[in-house]
Amino acid sequence: MSDKTVLDLFESRTSRRRFLRDGGIAALTAGVLTGCKAGAAQPAAAIVQQGAAAGATGGAMGPHDAAAAAAATLASADAMDAMHEKGIKAFPAKTAGLGNQVMHPKLDKGVKVFELTARKTQWETEPGKLVEAWAYNDQVPGPQIRVKEGDRVRIVLHNELPESTAIHFHGLELPNEMDGVPFITQPPVKPGQSYTYEFVVPNAGSHMYHSHHDSTKQVGLGMLGAFIVEPKEKAAHDSVDLDEVLILNDGVHGYTFNGKSFPATQPLVAKLGQKLRIRFMNEGMMIHPMHLHGMHMTIVAKDGWDLPAPWKCDTLNVAPGERWDVIVNCNNPGTWAFHCHILPHAESEHGMFGMVTALVVQK
Amino acid sequence: MSDKTVLDLFESRTSRRRFLRDGGIAALTAGVLTGCKAGAAQPAAAIVQQGAAAGATGGAMGPHDAAAAAAATLASADAMDAMHEKGIKAFPAKTAGLGNQVMHPKLDKGVKVFELTARKTQWETEPGKLVEAWAYNDQVPGPQIRVKEGDRVRIVLHNELPESTAIHFHGLELPNEMDGVPFITQPPVKPGQSYTYEFVVPNAGSHMYHSHHDSTKQVGLGMLGAFIVEPKEKAAHDSVDLDEVLILNDGVHGYTFNGKSFPATQPLVAKLGQKLRIRFMNEGMMIHPMHLHGMHMTIVAKDGWDLPAPWKCDTLNVAPGERWDVIVNCNNPGTWAFHCHILPHAESEHGMFGMVTALVVQK
Amino acid sequence: MSDKTVLDLFESRTSRRRFLRDGGIAALTAGVLTGCKAGAAQPAAAIVQQGAAAGATGGAMGPHDAAAAAAATLASADAMDAMHEKGIKAFPAKTAGLGNQVMHPKLDKGVKVFELTARKTQWETEPGKLVEAWAYNDQVPGPQIRVKEGDRVRIVLHNELPESTAIHFHGLELPNEMDGVPFITQPPVKPGQSYTYEFVVPNAGSHMYHSHHDSTKQVGLGMLGAFIVEPKEKAAHDSVDLDEVLILNDGVHGYTFNGKSFPATQPLVAKLGQKLRIRFMNEGMMIHPMHLHGMHMTIVAKDGWDLPAPWKCDTLNVAPGERWDVIVNCNNPGTWAFHCHILPHAESEHGMFGMVTALVVQK
């Protein structure tokens, strides 16, 4: 979605017309969410009630004092609301760089070759907030690796960092020497060195790759990515219209989805009736209960393994290292908040921030 | 249970007689738990051992020193125990106000109308501890809304707070414009204003309503409640003898169940053989593994959705935003501790506090 | 495994030979893990790249400056790696004392009698790190109690601590007076006193026993243990080759598995093809997502109750008070890292620590 705004994705002449006719659904104009009725358009009756409200918080006041207090309260509320509105109007805010971009391998005699260069970079998590990142190919999360069960793959790691490193393929049941744990399964890859992993992709599912050396720091700074393995034999939930990865993180970069904080998070955009798969992955240090508004999620796989009895929810607890695959039947049109329900990860008195995005279901 | 003590609920002449005959089950007299044999009634043999205990902690001591040390140790233990006993004897302690009280709607041409006034109040979480609350109808949690699938309901929100607000119906799959997210689905409801939500109740189950504006603060201060939707078609677990809601919270009000901290939490009281449904909801910022003593829980629904394969446990992890419905077959008589198993949420050296209550199963 | 090293358990002439032939699997010599190719043996080509790496982090440098910077970076990386290697080579480090040792009961007319003495002791969590522990029979965790469904057991508690205490049998559905909660189901057991619990063991499964008095402190200091009840009727997953208990803790003793921190944690050792049952238990204050490398786990029971629909994962979230039983089919040879995936619980810039162990699958 690098250069598109929500508008580009949401709008079509038809849906736009319908939207304006229906009125209630969030409008998306010029890339911002401004669907609500303007605050200024509130009925005068509500204003009358303000005196009562202010009166309730103070003691005995004359009608003059009460009116002044109500006006002051309203001004204070307006100031807070303006901050909240500004954040939402900025969504999805443009920032430099997008992580989790699907990487196209080179082919070498049937082997899919992925080259990953680990190095320091600057990463913009939200407009104007630049953080130091240690990244694969300058992306946070690193490039999305997407292969098929049974593929032969080669991952070539180039270490341009000032520390040694190594890659662990989290969830893949590989031969031990490909497991990426320095001093247990391989030597550390020193600064300036390269190291090659090569294997036949075993188990399908939503997996990850990340550093397994000085990992609290290295993963915290961005050395992580999705490793998706498509199955040889498809299950019902493998046939979807949209397939999204959502990597949660909470380290020194702040609370992020795919390396970005609200309002720079990317919305998920679906058409009404589409079947959406979301692959949640947590590479942080905290547990995040992800709450989707408006529609439920059917939980179909855990750590890449199909669940024998899929279950439904609207709030899914995702712990560090876990992956959960869910299906959303996008049958409820509108722009739906989608966020971590630990509220201090998602909203402050200055407005929404951090682990907030939206699922846009286009009519 | 506003004016009843555990005694009122537990005791009947028959059960009381049985209880005294059996001896082992916690007696409930004058509203306090005092079922244990008195400490003073311990056998003398135990006292003899104290010298050994004290001796074990020090170096070589004469019999005199050892006896003095043992006495000092015992006095210190007695002092601690007295604090612990005091807390338990005070349970369930009376405090002003009860939250989560079922609200009876007015009927307007077939529409169930619930009026919710948001305003500041003082809330007593435990005896003598008054905190500032931002509450719906002066209750923390707010009034329990209980309706049926397919009902038409109108929720009228009156904002008497010094900030704007809005209500999100957490778990209900509503039309977008009823979703309660300022600047995405509606304007903020300013101080002094009113706002009306009206919809046909969609999916059944254990849901919630809460503020979705400045929510870390507003929900933390009490702007939350249960929204229970009874299903049109009942499942087996919908036929129960008792149906309780337990809302967990952990914000500035401390660790609470339904707005109260131990010893002011309300016990759950069942008769032997009864089938109890508990609807856990977490509106806090932390995850709380709820542990029931004496009996297990069968987990039947998640976020209002029936589980395809109900499972059993005695410790259920409940994350912020989640709802879990469980069934307890109350087949083990007695007074059973029921608490968060993150122990610093439940007990200090001064005794039990916070997230502790009891399930009383009456013979 | 008190006096054995990983070497003793891993090695046989056959497997050793195979291992050396295969090369890639972690060698286990003299009790240490040294399976990787030596860092010094890296190709010169990698060294050439160092200049590029150093150049990337600085500005314009002459070839001389770049070489010096690269050398400094490499020296710094080597120093860090040496710390990491030292920790791994020390694994499994010997420390005084082992907790969770199966306790053999005395028989008294068909009753299995377990005597537990609670007292202060010094506990070595990792080499040279001695902490004050409050322990049962000087073990942290306390002795493992292992009985059968329907057994009559007697637990005699001797309190040699400076505080009162009591034992709660967490997960067992006992008569109320055996539940171990002071002032609710029994008096506190004072310093120097003894107290006897006696009951017919009810429900099977992975349970625990721990203090339920001043529990944040007492459990935090070590007053906890496993209480395993073998079922009368075996399920498929009850027939295993190996049956291990892994008790997680995170209190004042640091991040521990069975009372020890890496590198003093005990590895799990299986032969290729064996079926391993792990009983996870959490007695801490935090949730720990346990990640196994190389193989998945099949989750078969929760809190001692068989799951109706076992599911698979490689990262299992274990909350305080919970028990999860899993089966690992040990079909992937090698030494596999096995750790909490909250990375700051497992690795710092000084190397792995805390909640790290290994599953060794011997060829």
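The first chain written gets the first letter, and so on, giving A, B and C; residue counts start at 1 in each chain.
Criterion: a residue touches a chain if its C-beta (ideal position, glycine included) is under 8 Å from a C-beta of that chain, and two chains touch if they have at least 3 such contacts.
Worth saying up front: this structure is predicted, and the values here are computed from it rather than measured.
K.L.:
Once the Cα atoms of subunit A and subunit C are superposed, what angle does the rotation have, between 0 and 180 degrees and to the nearest 5?
P.N.:
In degrees, rounded to 5: 120.
K.L.:
If more than half of the interface residue numbers appear on both sides, call it same; otherwise different. Which is it for subunit B and subunit C?
P.N.:
Subunit B vs subunit C: different; shared/all numbers falls short of half.
K.L.:
Determine the centre-to-centre distance between subunit B and subunit C, using the mean Cα coordinates as centres, and give it in whole Å.
P.N.:
Comparing mean C-alpha positions, subunit C is 33 Å from subunit B.
K.L.:
In subunit A, what residues contact two or more other chains?
P.N.:
In subunit A, the residues touching two or more other chains are 287, 308-309, 317.
K.L.:
What residues of subunit C sit close enough to touch subunit A in their complex?
P.N.:
23-26, 33-39, 41-42, 45-54, 56-57, 70, 73-74, 76-78, 80-81, 84-85, 88-89, 287, 289, 291, 293-296, 308-315, 317, 332-337, 341-344, 346-349, 358
K.L.:
Which part of subunit B faces subunit A closely enough to touch in the complex?
P.N.:
On the subunit B side, the touching residues are 119-120, 158-164, 168, 170-171, 173-177, 179, 181-188, 190-194, 203, 212-217, 219-220, 285-287, 302-305, 307-309, 317, 319-323.
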